[in-house]
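A, B, C and D are the chain letters, set down in written order, and residue numbers restart from 1 in every chain.
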Amino acid sequence: MRLHIEQGGRVRQVTVSSGALPGEVALHLDDTVLVCDVRDLGHGRLSLRLPDGSMRDVVVEMDPIPGHRTVHVQGVRVPTMASTRVRRGASGVAAHAGPLRIVAPMPGKVVRLPVRPGDRVEAHQPVVVIEAMKMENALSAGRAGTVREVLVQEGMSVEAGRPLVVLE
Amino acid sequence: MRLHIEQGGRVRQVTVSSGALPGEVALHLDDTVLVCDVRDLGHGRLSLRLPDGSMRDVVVEMDPIPGHRTVHVQGVRVPTMASTRVRRGASGVAAHAGPLRIVAPMPGKVVRLPVRPGDRVEAHQPVVVIEAMKMENALSAGRAGTVREVLVQEGMSVEAGRPLVVLE
Amino acid sequence: MPMKTILIANRGEIAVRIMRACREMGLGTVAIYSDVDREARHVRYADRAFPLVGNAPSDTYLRIDKILDIARLSGADAVHPGYGFLAENEAFAQACLEAGLTFIGPTPDVIARMGSKTTARDCAIAAGAPVVPGTQTPVTPDVADAEVQRLADAVGYPLMVKAVAGGGGKGMREVREAATLVDAVRTARSEALGAFGDAAVYFERRVLRPRHVEIQLLADQHGTVIPFVERECSVQRRHQKVIEESPAPRFSDDLRRRMADAAAAVARAAGYTNAGTIEFLVDADDAFYFLEMNTRLQVEHPVTEMVTGVDLVQWQIRIARGERLTLSPEQALTPRGHAIECRVYAEDPDQRFMPRPGRITSLAVPGGPGIRDDSGVEVGFEVPIYYDSMISKLIAWGTDREQARCRMLRALGEYHVGGIPTTLPFFRWMLEQPAFIRGELDTTMLDAELERRAGEPFVPVTDAHLDAALLATASSAFLAARRATHAALPGTAARSGWATAARLGALRK
Amino acid sequence: MPMKTILIANRGEIAVRIMRACREMGLGTVAIYSDVDREARHVRYADRAFPLVGNAPSDTYLRIDKILDIARLSGADAVHPGYGFLAENEAFAQACLEAGLTFIGPTPDVIARMGSKTTARDCAIAAGAPVVPGTQTPVTPDVADAEVQRLADAVGYPLMVKAVAGGGGKGMREVREAATLVDAVRTARSEALGAFGDAAVYFERRVLRPRHVEIQLLADQHGTVIPFVERECSVQRRHQKVIEESPAPRFSDDLRRRMADAAAAVARAAGYTNAGTIEFLVDADDAFYFLEMNTRLQVEHPVTEMVTGVDLVQWQIRIARGERLTLSPEQALTPRGHAIECRVYAEDPDQRFMPRPGRITSLAVPGGPGIRDDSGVEVGFEVPIYYDSMISKLIAWGTDREQARCRMLRALGEYHVGGIPTTLPFFRWMLEQPAFIRGELDTTMLDAELERRAGEPFVPVTDAHLDAALLATASSAFLAARRATHAALPGTAARSGWATAARLGALRK
């Protein structure tokens, strides 16, 4: 099985096959073959034993976007994408070009909208304020731009993932 | 939905339908209707809220035999059988007549077989000794009878559920 | 009238904590719940549970009428308010008493006196406890901006705007100069109204780089007041405690005794009963100032329980049913070992601690020596958007502070929450900070450090993490594909003789 | 040579317990595992893990050669043997030393001296400790039946046949009359050979209705020996401890000090180092007799840790690397509160405690105040048939015995293990027994009571249980059928206005 795996903007090709022993998986990566002992503990939990005997308990969470996963390794969350086909065009994780949609990172209520279409905003300037869990959270753009669209109104309840403001 | 539910040798008929409120299940049992708030927590876990507000966290385990379940209620294991059809003949839980098969309750090794076909055995007399987890476990019949068949040999490894001796 | 059944007017971990004490004392428990909390742990833990209907706090856990209806319906004879929600609401305590219920807390008049930051301050002054300069009366919403400005100028800058009914850092703002005052007062009033149903605030001079140290106390109905060894709560993010410990590091016996005496004097002057906490600010010269009193159980009560062996919740119940305090005052002031608590929040520490409600899809909770887990959630539960984001508390005990710290780090390594981000990575970072290790704490240091870090991840992703994630992703995709074609799982296949020999050979190389 | 990495030559809960101590001390860990243990908790908890290949203890956890190969391969510089398996095997300790590894335990000659019950007895006599009458030399397999009979007759009946290398009730038989002696010796020898690799046994006069009380001690390499407050281990089923507690109920300070002095004297006479335990029998008149010494960590060490605050495993490691004991002897003998431990076995208590290995399909572990969970398993793990059936230990602490008992009962109520039966229902019964509540314990009472009960279920199934099971079965079948036809789950549907109103109306009735 051949996979294209993307992490932190870098794509690597991995060929996976069964190892010689039960539980073993052989991963061909660049010029190396890593034989790991991998056990599926159910519900996304895996126990990996690396070639040097190192143990890693990991949890692979499937994200809503197909192919995207969050892999928990030793308390760290690593966003990872896997695909059996080569992706065309801009990569999912590393995409930077084009309009920027600011989406609600959690469900909540829009309490303030300090920008209007046409406004110029700086990087890290708040564009929406959402209240969730008794706290106000200012959402800002990662880069400077011009507000193209404001898709919500003050007082609206929004679900996680809902687009709020579009910058260009 | 109509169900025949058997517990401790007694069969009861239950008709189940949706209650008026989300999460509610109406159970028609004899002349009463019990409206419970039932939530499926996944993996066999259920949270029941009885009509008087009493809370019961239960775990329903499916047994290997179809229809049979082990229901965990407040630390007690209740064997229960459910079927949408009326069972004909002897009931599964309450069966007493006919030959009695003594099966291995756990995987292990047969270390002693103190009986032979034709032997008369008393209730609670050991008929097979199995070793598991460093302990010898004597299995005995719940009632007196005559050994009809011995299906294993000393030294054999047996799986859980394997018939060992048949009495009549 | 013997106490038989307690209604717990709260949710989450503290409701579970209180029910555990009830179980241990043979008392029945009644839970209340909002719609989204039907599957919550505190509901399923209770003997009986009744719906509040609705979700917003103002429709549910703050609704005195609904709660008293449930108490009547369920036959409960006592109410434990927990912390937050109605815990410091004298109208609730009063309504309980009028309904013939035992309220597990102080009397309504004492809640009113000590719950108001301004009258509590008067009470502290009367008891001879030192206080920080500030406004003498509440700044209610009808006080005009000009008067607000005049009152603030009299206190002097920098100052703190605080909710009179406040607690937990809500309705609190720092004001460094006169120009930002009116805005800060507006926000604080709005937050205070939402959180406590009371928009009144007050002003207090800001002590520079203070430590927040507090004295837990128990007081029975027969005049006995017992103060406990102090808790250090200086690790705060935006005035919200995140780590607490007991005893305070770098704290002398003499200071402990003087502070405990001052706290006991204030409690006696207030006619206090049940469990309460007096908070102090400690400045760089070890001078301390009365800050406020919390007339309820605190989030951080377990650290006191761990170092004194006293079950504070059981004592709250015993005091409420009229028992006499039989604890040794000396033991209450003599810590055995050291305890640290981390408040686990459903927040993403790497995204400026943004709240992240959502479903917990996998969970592993630490155990073993010295670890106490006070959790309000379980796997499968959806952390709701409506309430505080704290989902659990992790407490570590050690013979000394360093052992407690190392145990906490060990336990944090065992802790896994899937589905939503939590503050666990933050704690792994915080407990390794040199200032924390040395015990050099003040309430401003965390915010300053967070500003300096500017969003740098608390536990950086290393190549080792990336490699393991890559292997895991590839393996799981491969195993899933193979599962789809084969019935049998790889691990369950029998080992062939040659394979075993080969493996042993590899090992012996 | 600084100690950096410890190989844990064991499995299950004790391997996890030891690794936790290593983590807290910043030491690396190496696990070993049999084929069926690949997914076990101790393997996944370790930094690195290496296969032993095979499953039977004699092919795996008892294989000194394989373990030393793994130590070499992994670069471990120390070995912790845990309890059971090779923990009291002097050849293993010797082999570790010869391989340049630090053995975390006493020296091989002390293991040999105190591990043999007969030479240990000599040592106790020499140290002035009282002993039970018995055989002076081991009854090895080459001793003929006639001589066996003569030796036993000299000791007198009733007597105990015990494995010289024994522990944990294995290879132990009671003989009430001469006629059953030879059979009992044969079984004991066979069990002893299987469990410890040594068929030698010895005879000891049976003390009637004795209590089993033991003294934990730590001894450093510089001559300091510290005895700890006693553990009561009288709740035994067929000589196997099932509940332990500290301090012993109904135990005077004077008796505690005399027993501790006797234990320390024996340890000093033996040249003992590291952690060890001296077991005593206490008769109805509070006279005590040296029974045997365990030259290793014990299963029940957590109860001592809970009442003294001392981490025994961390001290084992510190002693092994040459540190001096800096504990206060007074504190070690002064219990704070009370601790009780329940050993959770994968056995069906209602089927004469038959071992029931198998897969754990669901699991809920208790937490909260005073509860410590030392577990070796997790959900999804298949408890193997090859090893001891203990899967976990649950420890409860309280300010007094009654609070500890009530907390244990509360925690037992929170504990759920699905897929396999466990001894949890037995503990719920045992902790409610009047004799247990009163603290009137002896090692024969449980077996006598179990015989009297003749298989009566420990927690009887009531109508309330049956009704809940019926409702659960019907509801789950109904929900499963509905899930099969609808996509959406019932709980996720939005509530309609009228439904909410109707519910509130019902509540207000």
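Some points to look at:
Just so we're on the same page, contacts are C-beta pairs under 8 Å (C-beta built on N, C-alpha and C of every residue); 3 or more make two chains touch, one makes a residue touch a chain.
Bear in mind that the values here come from a model prediction, so they are computed numbers and not experimental data.
We define each chain's centre as the mean of its Cα atoms; on that basis chain A and chain C are separated by 31 Å.
If each chain is reduced to the centroid of its CA atoms, chain C and chain D end up 36 Å from each other. Work out the mean CA point of chain A and of chain B, and you get 46 Å between them.
Taken residue by residue, chain A touches two or more other chains at 23, 39, 45, whereas all remaining positions touch fewer.
Counting partners per residue, chain C has 38-39, 50, 73, 413, 491, 495, 503 as the residues that reach two or more other chains. The touch graph of the protein chains shown belongs to none of the named shapes.
Under the contact rule defined at the top, the touching pairs of chains are A-C, A-D, B-C, B-D, C-D.
Interface residues of chain A facing chain C in the complex, by the touch rule stated above, are 1, 3, 5, 7-8, 12, 14, 16-18, 20-23, 25, 27, 29, 34, 36, 38-40, 43-46, 48, 50, 56, 58-61, 69, 71-78, 80, 82, 105-108, 132-135, 137, 160. Those residues of chain D that touch chain C in the complex are listed here as 16-17, 20-21, 23-26, 35, 38-39, 50-51, 53-54, 69-70, 73, 302, 305, 309-311, 313-314, 336-337, 364-365, 367-375, 378, 399, 403, 406-407, 409-410, 413, 491, 495, 500, 503-504, 507-508. Of all the residues in chain C, the ones that touch chain B in their complex are 30-31, 38-39, 43-50, 73-74, 380. Taken together, the chain D residues at the contact with chain B in this complex read 170, 194-195, 346, 348, 351-352, 354-358, 361-362, 385-389, 412-413, 415-416, 418-419, 421, 424-425, 428, 459, 461, 465-466, 468-479, 481-482, 489-491, 493-495, 499, 502-503.
The touching residues of chain A, counted against chain D in their complex, run 23, 37, 39, 41-42, 45, 47, 49, 52-55, 57.
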